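Here you go, one structure.
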Amino acid sequence: MSATEHDDDVEGRARVRDNDELREFYRELGEHGAGALWTVANAIEPWEPVAHSVPYLWSYEKLRPMVVRSTELVRPEDAGRRVVMLLNPRRHDVAASVGWLYSGIQIMLAGERASAHRHGASALRWIIEGEGAYTIVDGEKARLAGNDFVITPHGTWHEHGSEGTSGAVIWQDGLDIPLVNALEANWYQVHPDLHQALAGPIDRSPAEFLSAGVLPVDARTWDRPYSPLLRYPWERSYEALLALARTGPGSEFDGHVLRYCNPVNGADVMATMGAQLQRLDGGQATSAHRHTGNSMVTVAKGRGHSVIAGQRFDWKKDDVFCIPAWAWHEHVNDDADDDAVLFSFDDRPVIQKLALHREQAHPEGTQQA
Amino acid sequence: MSATEHDDDVEGRARVRDNDELREFYRELGEHGAGALWTVANAIEPWEPVAHSVPYLWSYEKLRPMVVRSTELVRPEDAGRRVVMLLNPRRHDVAASVGWLYSGIQIMLAGERASAHRHGASALRWIIEGEGAYTIVDGEKARLAGNDFVITPHGTWHEHGSEGTSGAVIWQDGLDIPLVNALEANWYQVHPDLHQALAGPIDRSPAEFLSAGVLPVDARTWDRPYSPLLRYPWERSYEALLALARTGPGSEFDGHVLRYCNPVNGADVMATMGAQLQRLDGGQATSAHRHTGNSMVTVAKGRGHSVIAGQRFDWKKDDVFCIPAWAWHEHVNDDADDDAVLFSFDDRPVIQKLALHREQAHPEGTQQA
Amino acid sequence: MSATEHDDDVEGRARVRDNDELREFYRELGEHGAGALWTVANAIEPWEPVAHSVPYLWSYEKLRPMVVRSTELVRPEDAGRRVVMLLNPRRHDVAASVGWLYSGIQIMLAGERASAHRHGASALRWIIEGEGAYTIVDGEKARLAGNDFVITPHGTWHEHGSEGTSGAVIWQDGLDIPLVNALEANWYQVHPDLHQALAGPIDRSPAEFLSAGVLPVDARTWDRPYSPLLRYPWERSYEALLALARTGPGSEFDGHVLRYCNPVNGADVMATMGAQLQRLDGGQATSAHRHTGNSMVTVAKGRGHSVIAGQRFDWKKDDVFCIPAWAWHEHVNDDADDDAVLFSFDDRPVIQKLALHREQAHPEGTQQA
Amino acid sequence: MSATEHDDDVEGRARVRDNDELREFYRELGEHGAGALWTVANAIEPWEPVAHSVPYLWSYEKLRPMVVRSTELVRPEDAGRRVVMLLNPRRHDVAASVGWLYSGIQIMLAGERASAHRHGASALRWIIEGEGAYTIVDGEKARLAGNDFVITPHGTWHEHGSEGTSGAVIWQDGLDIPLVNALEANWYQVHPDLHQALAGPIDRSPAEFLSAGVLPVDARTWDRPYSPLLRYPWERSYEALLALARTGPGSEFDGHVLRYCNPVNGADVMATMGAQLQRLDGGQATSAHRHTGNSMVTVAKGRGHSVIAGQRFDWKKDDVFCIPAWAWHEHVNDDADDDAVLFSFDDRPVIQKLALHREQAHPEGTQQA
């Protein structure tokens, strides 16, 4: 049922009619930093959740040339990083892709490296293409390959570079910058030496955390609000997704879903953002539902389409689209013979910690009827 | 050190100069729902937390006549509730008093009662004056007196009324409406019967939860994200504050502080908002500090002044003022012979759960030097 | 259904008949530190929980003269402490009163004080009579009065004394010594100075933790596995119990029950032992039930009787009795006009943490039919 | 420092000399279910933890023929299960191998299957040899191979069988039966149908939980006090151990250690018992330490020796030995060219939940000097 079907002319809602005396009263209130609640009550207490964003799809085919072109237009030492932001049409003011989540497509040329910094915002990365990319987080260097998922949690020193000999590496960034700015808690520091010294072997954490159900005995003392596992290699995640798919039918709304987690305690990878991999069988069409919280989806494999808030979006590998809060959504794998895999990151940890999760199945099952 | 002292013309920050080619590139990006990060990077990645609100004080003496006047201007059945909102000069757009917190002063005349509703937002109340006020939350009726603290958590049915025979009851509301709207998770329902039936005796939860250190054996199964104790009577809280004050010197920044909590597990009273009572000895002047998170402060007892972001605010009983995130602040009890007590509610549960807490002592100890 | 009604001559149970070849086999196994499971399987895998203890009541009237006499027989500097242990007839070997719980009645004369020590075991105290008793735990001194409940958790320095001018103070000790010895984790240290220096004011923690629902803001960083509140004054606990009794009918098995807890997080007061107060209305007779875990009960107020494992025990103030694990039990307040209050301590924290809790209502409601 | 070096003739310890009057007093106390604490105080409050068990090694070479012979001596339908118990020389009375832990070697012939049951005790299995073994736990069937680790938590229906066509399967059982009996909480039920129906595919949980850092989205609602992952395949665990070994030097006392855990939250696999894999580099000799808690160790790979409480035990693959609480212990891999791997299970979850963990490094580093 849409919000517009609700009637505000009922007891329990505000329905005061304006008049001169009231207008004078409102003016006087305004002079004292005050206002009358009933003038805004219905607007700020909506019947149903109201999203600020609209659904949108960013075609990688169209974005990629512009990303590449940025390497000709700006030097890394001037730009900081060469990133094409994905901006939701309704969230330009806060530089968000959907809700309070930011995303962008970043490129580095062979041999480039960016300086190290840290900040109050948290970041994650999804590797799209190229050879030789690496990230260093608090002294641990991770070598990156396509569809790897990487985190650089708030407060950790981090830097990126490419050790490739030719070509570019391209990845997608996801950050909670809009949220942390909204919560007035962001800050920024440049590393005093511009670059970090390595502390320990390359790819240490993926070696420490390899199989489900076994943990280094010391890992259980880890108490930071983010995962000690920094890189989640694609081959492991996809293998796990395939194994999961063999155990049963999965969710009617989402297919088979693996959530990236902190291996030490099963929590989301970071305090403010989570991420997951979702697999649709060949030809699978899911049922529609909606829930609070926003998602940014990247196509990791396959091709298909999604219907979001009644609008159809066709997608193929490396395309990115967003699902705004409380928007009905459903997915279809348009390849009958191969699976499709969607990577997404979201603000679910925020929604769940603040006890704001809410979910509904579509009464008709689908918006496409 | 203020944010303005930072230099953005360094490696690791964006410092691209505009030119025609870039402007054309930006235009093209805009057509595809995209933008160049370096055009906004420094703004969205500030060196220090940036608050959206300014410090402000609402004088109860000045507000009260306007609150009373609202009873002549609008009928409760039209206004829903007669509330004078406290609006931060920089947060009119989101109807916030500070940060993402809303507050207002509500009035009910003897014999009035409002209908029951519930919503995704959480609310708290601080009773200012009058006899006979009550609140019913999920079937439990609480009788309210001056300086009582009451919660009506998200999702609970709640309604208010006055059983007094003359005069008005006035209280302060605190809600997370701006936050829950920002997070796109608010919703609203009018009670199907307009009023709730009572379930159990009046003031049940303050009887179940009386002394620290003893819990009804069944209470330990409570697992909702808010306190089962709905009313925190002033006499108990103030007595506890006085007892605490006898145990030692308290915090140099805050005096003696009691935090209202869920008695079952010690958590904050609600998932998104916390509250506390703070006592300053006669004549006490605290040291200045700043931290992330916003507070709305109400003077429960005494008179004094606070310096917030370099600006002095004189206060006395029932005045309300706000402390924006990351603003230096310090308090002085201007009565040498009697204590002062400040009630405040805040977004600290949000800040802490999202791991965004940060705090600094003022390098000089005070802004008043 | 009693354990004896089960038939071991069924598939899934051991029913091997002895013969010479087997006896030779068993002898050979014995030589290699081995045995045949089927010779003991039915015994070590019983159909129902089997308690090691029997129900027992220690009459204070009878014990008191012997406790007093100990002051004439041994000097405190020789005895360490003058304590009459309460020994379960079936648990002499482990010095337990019931299960793995130890209890004793301790006496100190006016002006005596014992030296400070600490150990791996945890202790609690229930004050029975006398003026001037005190306990010092990790530098905090607590003044003790009748029916106060006091904890001295494992690893804390503690010492006791009497500052009375005449007469004796008598209290009941409860310790987990048998359990901690069984778990091979006990240890003992005499304080290097024999006595502790005070750190802070007398009765600090009952001042810090007074009312339910308010906590010193710093208390929330407490992370030890026991309560920071050391003394639970009787007047507070009983007042809370009376308040609770006015809210509704209580449990049919236990009446109204308050559980002593860590005020910071609602956990049991110590890692291995919990305690509670239980109130029976005038004339109340509870229904029978049984559960895993052992309790030591002391009559705090009133008179009545309990039926435990089919045996009747009449009790009055200061009597002590035990309820062994899995024994049916029910209580009757024999005073129609006044309430009865039972204090008890138990091993419930152990049972619950190890997921061994199990409970049954008596099929007939009572054993007295 | 050994316990015997402590002097009990000091203030704070009991040192009452016997005499006739006291003996009469003790007799009188005994008649009232009481005793004098000072007669046992020093014994029950030892200076250092006192273990009930002695170190012991069970040679698989010697045990195996007896295990095989049991198949000729008793029929499964009479024995329930054919198991040779490993009995600590000092724990025959409670059928324990060390502390309160039971272990045994179980054998099934090709084609045999045991009936399903469940009980209050928890069990784990370590597969030693043979083809075709399986376990069914609450409807999930697991196929077992050498060095696999399997859990059958308390309260779950479980049954075992062999689908091999020839030969026997042999595994080691580990149970907390002595502990659960000591805590008087054991119980036993035969499955009403003697066998379970399968619910879902074979080896479902190892498919659901494959890689560290990814979890089925629904798994996060799992709230039972044990792992939903039932079988931990050897190849995964050993691969993870090898990967861990490449990240750094490991512990000086234990080498590289992986702890089996509940993948959903990182907790120990069951509420009362944990397990781990420990790897010693070729030729590695660890430093000696001691701690509370008991371990049963099985050699998964390699050969070496351990010194436990001053006594040397030489071991090779499939041997089993125990390390009693508070016993100094150190390990040596006697093969300079290949690693050694020790599997062990222990009561550490009990020790840690009850806050009884304590650990000491040996002052000399080794007992072998």
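List of remarks:
For reference, chains read A, B, C and D in written order, and residue numbers begin at 1 within each chain.
The rule we apply is simple: contacts are C-beta pairs under 8 Å (C-beta built on N, C-alpha and C of every residue); 3 or more make two chains touch, one makes a residue touch a chain.
Computed from a predicted structure; not experimentally measured.
Annotation: A-B is the more contact-rich of the chain pairs A-B and B-C, by number of C-beta pairs in contact. Rounded to whole angstrom units, the spacing between the C-alpha centres of chain B and chain D is 53.
Distance between chain A and chain B, defined via averaged C-alpha coordinates, is recorded as 29 Å. With centres defined as mean CA coordinates, chain C is found 44 Å away from chain B. In chain B, no residue touches at least two other chains.
Taken pairwise by the contact criterion, the protein chains form one closed cycle in which every chain touches exactly two others.
On the chain B side of its complex with chain A, the touching residues are 10-17, 21-22, 25, 28-29, 32-38, 40-41, 44-52, 56, 58-59, 62-63, 66, 69-70, 73-74, 77-89, 92, 95, 99-100, 102, 104, 114-117, 119-121, 154, 177-178, 180-191, 194, 225-226, 271-272, 292-294, 324-326, 347, 349-351, 353-356, 358.
Note for the complex: chain B touches chain C at residues 200-201, 204, 207-220, 227, 229, 232, 236-237, 239-241, 243-244, 246-248, 251, 254, 256-266, 276-277.
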